[in-house]
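Pasting the structures here.
In the two complexes below, chain A is the common chain; its partner is chain B in one and chain C in the other.
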Partner chain A sequence: MAKTILCHCEDIEIDELYSALEQGYGDLETLKRYTGIGTGKCQGKCCIVQTLRLLASLQTSHTRESMMGDPDLIHLPTIRPPVLPMRIDDIADMEEDTP
Partner chain B sequence: MTKTADIVVIGGGVNGLSCAYNLAKRGVKNIVVLEKGYIGVGSTGRCGAGVRQQWGLEENIILARESVKIFENLSGELGFNTFFRQGGYLILITDEHEHEIVAGTLPLQNRLGVPTRLLDTKEIAELVPGLNLDGVIAAAFCPTDGFCYPYAVLWGYAEAARRRGVTIEVNTEVINVEARADGTYTVSTGTTAYQTPVVVNMAGAKTKDIAAYLGITIPTQPFRHEIAVTEPLKPFLDPMVISLKKGFYFSQSIRGEIVGGIGDEHEPSSYQTGSSPEFLLRYAKAIRDTFPALGKARIIRQWAGLYDVSPDARPILGGVDGKPGYFHACGFSGHGFMLSPVVARLMSELITTGCTSIPIDGLNLARFDGGPVTKDPYVVG
Partner chain C sequence: MSERDVTFYFEGRRLAGRRGEPIAKALFRAGVRTLSYSVKYKRPRGIHCARGRCVMCHMSVDGVPGVPTCITPLEDGLRVERENYQPFFAPILTAAVRLFPFKAGFYYRMFNRPRWLRRFFLHNIRKMAGVGRIRTDPGAHGIRPAGGSGREINPETERASFADAYDIVVVGAGLSGLNAAHEASRHGTQSPSASGLRILVIDEYGKPGGHWRGFLIDSEMAASRDRIIEETLSRNDICYRPGTTALGFYPPDTLLIGSGGSTGFEPYTGLGTGSGGTAVANAVTHGVKRIRARAFVFATGAYDVTPLFENNDTPGIFGPRAIRLLLERDRLRPGTRAVVYGTGGLLEETTALLKHHGIRVASTVKPGGETKRIGDYQIQGRIVSARGKEWITGITVAVEADGKGGNVARRSIDCDMLCIAFPGQPAYELPYQAGFDYTLTDDPLDENRTLLPRGTAIASNESGVCVVVAGEAAGVTDAEAKVASGKEAGRMAAEAISS
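What follows is the complex of A and B.
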């Protein structure tokens, strides 16, 4: 069967998301930590919106009752710095007062 | 809506969930855990997840040793992989004063069954090739210390608690706790009032705020501590490396990321958990100084959590005189995750039988009423 990759950085398939939902890990914050979605090099720039879209469509389609969560809980997780991965050397070389 | 419960646990972090699990295991029915956000949103989910037995005070060493024993079998007990890995803790020693403290406590640790030993620089280099040993004179190493994935521990406890009938309400914030005339309590959320004879307050850095509803003053203060994580790297680092003096620690997670942090003595007390560039700079310098090759690794994310710091940096456990049925566990001062398995077990004994298999009287709230308190020299950050 064809695989659909949801998160390229962490190599997570869409079925892993469904499996997590079926086990009751239903909100995005928990899905992120349970599956690893959004915790790779891109920090969710590619996969989080796709995950949100899937969660929203599951809520409106009513096809998989067990996967329905609270719509109020569908929101972006906190975006953490740095925006792009930064080498420790490059950070350590920065001056204290660099804006 | 009014509901009744036999025990209400406030806080869905590692202490609240493991306590609920242990209470259910001891036969308590109708336990409700109230968590204001998702499971682990507070300090547990933000912690460095280290588990160490290297402490300076006998009571701390015993609690940590018993916790490690539980961690060693926790995946099997809960039916959930906690990813506990015993790579040891390597405490770098950089001056004579530090050497005196650490070498002075080794006999005590060994006598209590904690297998810590002193390593010379050659042994350190064999254990962790690549460490910069300039200025390092020795290190203390305990091979049975380790670390977990904190969320796996949380979910494992949560699922095991649910299987035993515990109700866990997420996104449910406690907004008041009241003592009733009949000796029971009313715990109020926005929508429900729980009537219960037993309240267990394990709300992390917010424990003091919950206690304040009942007129109980807890002298803890919240402090932000920041952490950063690199992209995953090939496994190369077995132990957690820490410096008591410089306040940093780092380890390699089971996914391969280098996870670490560094304390800041100038950090003011607050509930804020935002990220600061100042931390990242300090941390990057400390890591590069300690392990130069890591300079090429890339940081992908930083975050922060709260230490709930008590005046002696030791936990506050037990009940309160004049408040039967009320219990709390807080003030872990950055070590709540590592102590939670044993603390939860002891608290569940105290709540159900009135006594504990390991004495915790010395950790009660009343110890701060008297004179000065003893701080453990092994506190980091």
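What follows is the complex of A and C.
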């Protein structure tokens, strides 16, 4: 079945993003929590920019102007370290921090 | 039978491979191209980013789940399995799941009632999503998915080989990172007060040069690449550590780094003659360490992004970085008839790269706006869908006859690989953690607009630490601009700590 996949890790298709937008979730931080975009194993290494592009293009198109009026909604969600998957025993083995 | 010939097991099947080659490559040659099934719709996924960043090649290796097989070397007797893939009822399950109406937020609304069935639902949903099972037996602790085929890795010595503090840390040894280190070092030795700086350059790959492109179509580029690698890494005040990945930035001045451990790969041949091991990108670390510095240059590059079209996750679609890694590092030709989809210099370079490796370019597809034709095989338009079940078999292009979006006709092209040649997503994570705010470029008509940091330097944060971002991480895509951006970053870092 044809699907346009936005986020490969969490298998989120573009229609799911539109559906979330129609349900009123308009900024990436909320969309991330609601749809799961950018929460997969890669932590948004290609879907974040795609989603932002979509949000930006919807903002400029007239049809969705009422829904997506605020340019401040286009911002990155929080990215916490570590930025790559790492083994928990590496963290456990890490030396104590000496200030 | 050579010493490198080994056997391994894929879901019980005995297969032959070569010691030290990526597991995914051995599987590909043995005809296994579907490496995983996606979590929700169970769509087949194959090797894609070739650098351990996407999840499509994650498999269970010797019982350890989530191993990036595209960068994990093969060893004798490895048992490789697709994660939670049960061959017996998988086809029925897959068919059912593909018809299931997953609407956004479904997991907040569905399968919660009746309450007494919730545990049952949760358990089975997790099982179906399938990201493997963690081994809990005592033997599991010692398993390092990406180690063992080359040098022995001791996390203690890996950590000890780094100092606790540096003057400048450059993250990324690509075009701009190298230029930044070179320029900072030059400034450090020139200024009368400083007797040379302690500069650390780290890079996830085993060879310097990053995803340096352009040298195939420009010999001057190739010469300048070799020169800057040689000049930079031979300087006394620069410590270069390949196979080292930056994992996180903790303001104000601390960087978490992990030593990659995968060895045994053939060197990344296209990329210069500099010193260094043969370790490649490694998402699995072997010992992590915190280091401090007075200035940081983030030249972290960018990630491949696949544009949005139907079935854009079909195996056989590769980004510009992935295709270089596959062809040059892994010596793996994933197809024989390619379509290249992109714009500008990246389109030309990727096309040249494919031809250089004997892959036929059936067509290049370029979104409208420009009318210049490179050759007869170029189509102006955009890809609207890909087809193919386990691997790509063709694409459909919406042809723009007048270059302005009017007169759209559909054209179908057969191919067994699709190479994307659009600018990627800047690797903004570390600069973002260091305080850079990223925003999209302004042009609303440019549908491939990238993320740009607001400003390229934070001269000094609350602790007087200078943070600079350079190259593709700063949204710079042109080679010459990358050099300039790197030099500027190096100069700013050196000046900030000398004042």
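Criterion: the second predicted complex is superposed on the first by the 90 of 99 C-alpha atoms of A that agree within 3 Å, B and C clash if a C-alpha of one lies under 4 Å from a C-alpha of the other, contacts with A are read in each partner's own complex, and residues count from 1 in each chain.
Here is the rule we go by: a contact is a pair of C-beta atoms (placed from the backbone, for glycine too) under 8 Å apart; a residue touches a chain by one contact, two chains touch by 3 or more.
Because the structure is a prediction, the values reported are computed rather than measured.
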Does chain B (first) or chain C (second) touch A:T35, or do both, or does neither?
second
Which partner chains sit in contact with A:D27 here, chain B, chain C, both or neither? Use first/second/both/neither.
first
Let me test your reading of the model: by the given contact rule, A:I48 touches which partner, first (chain B), second (chain C), both or neither?
second
Would you mind checking which one, chain B or chain C, touches more residues on chain A?
C
Please work out whether A:A92 is in contact with chain B alone, chain C alone, both, or neither, and reply first, second, both or neither.
first
Could you say whether A:P82 touches chain B, chain C, both of them, or neither, answering first, second, both or neither?
both
Partner chain(s) touched by A:K3 [first = chain B, second = chain C, both, neither]
second
Which residues form the common part of the chain A surface touched by chain B and by chain C?
25, 34, 40-41, 43, 80-82, 85-87, 89, 91, 94
Touch list for chain A against partner chain B, complex
25, 27, 29-30, 33-34, 36, 39-41, 43, 70, 73, 78, 80-82, 85-89, 91-92, 94, 96
For chain B, which residues are in contact with chain A within the complex?
37-41, 45, 151, 155, 171, 230-231, 255, 275, 277-278, 280-281, 284-285, 287-288, 294-303
Interfacial residue positions of chain A with respect to chain C in the complex
1-6, 8-14, 16-17, 19-20, 23, 25, 34-35, 40-43, 45-46, 48-50, 52-54, 56-57, 60, 74-76, 79-87, 89-91, 93-95, 97
Can you list the chain C residues touching chain A in their complex?
38-41, 43, 45, 48, 52-56, 58, 66, 98-99, 102-105, 108, 131, 141, 155, 159, 245-250, 256, 258, 283-290, 303-306, 308-313, 385, 424-430, 432-433, 437-440, 444, 447-451
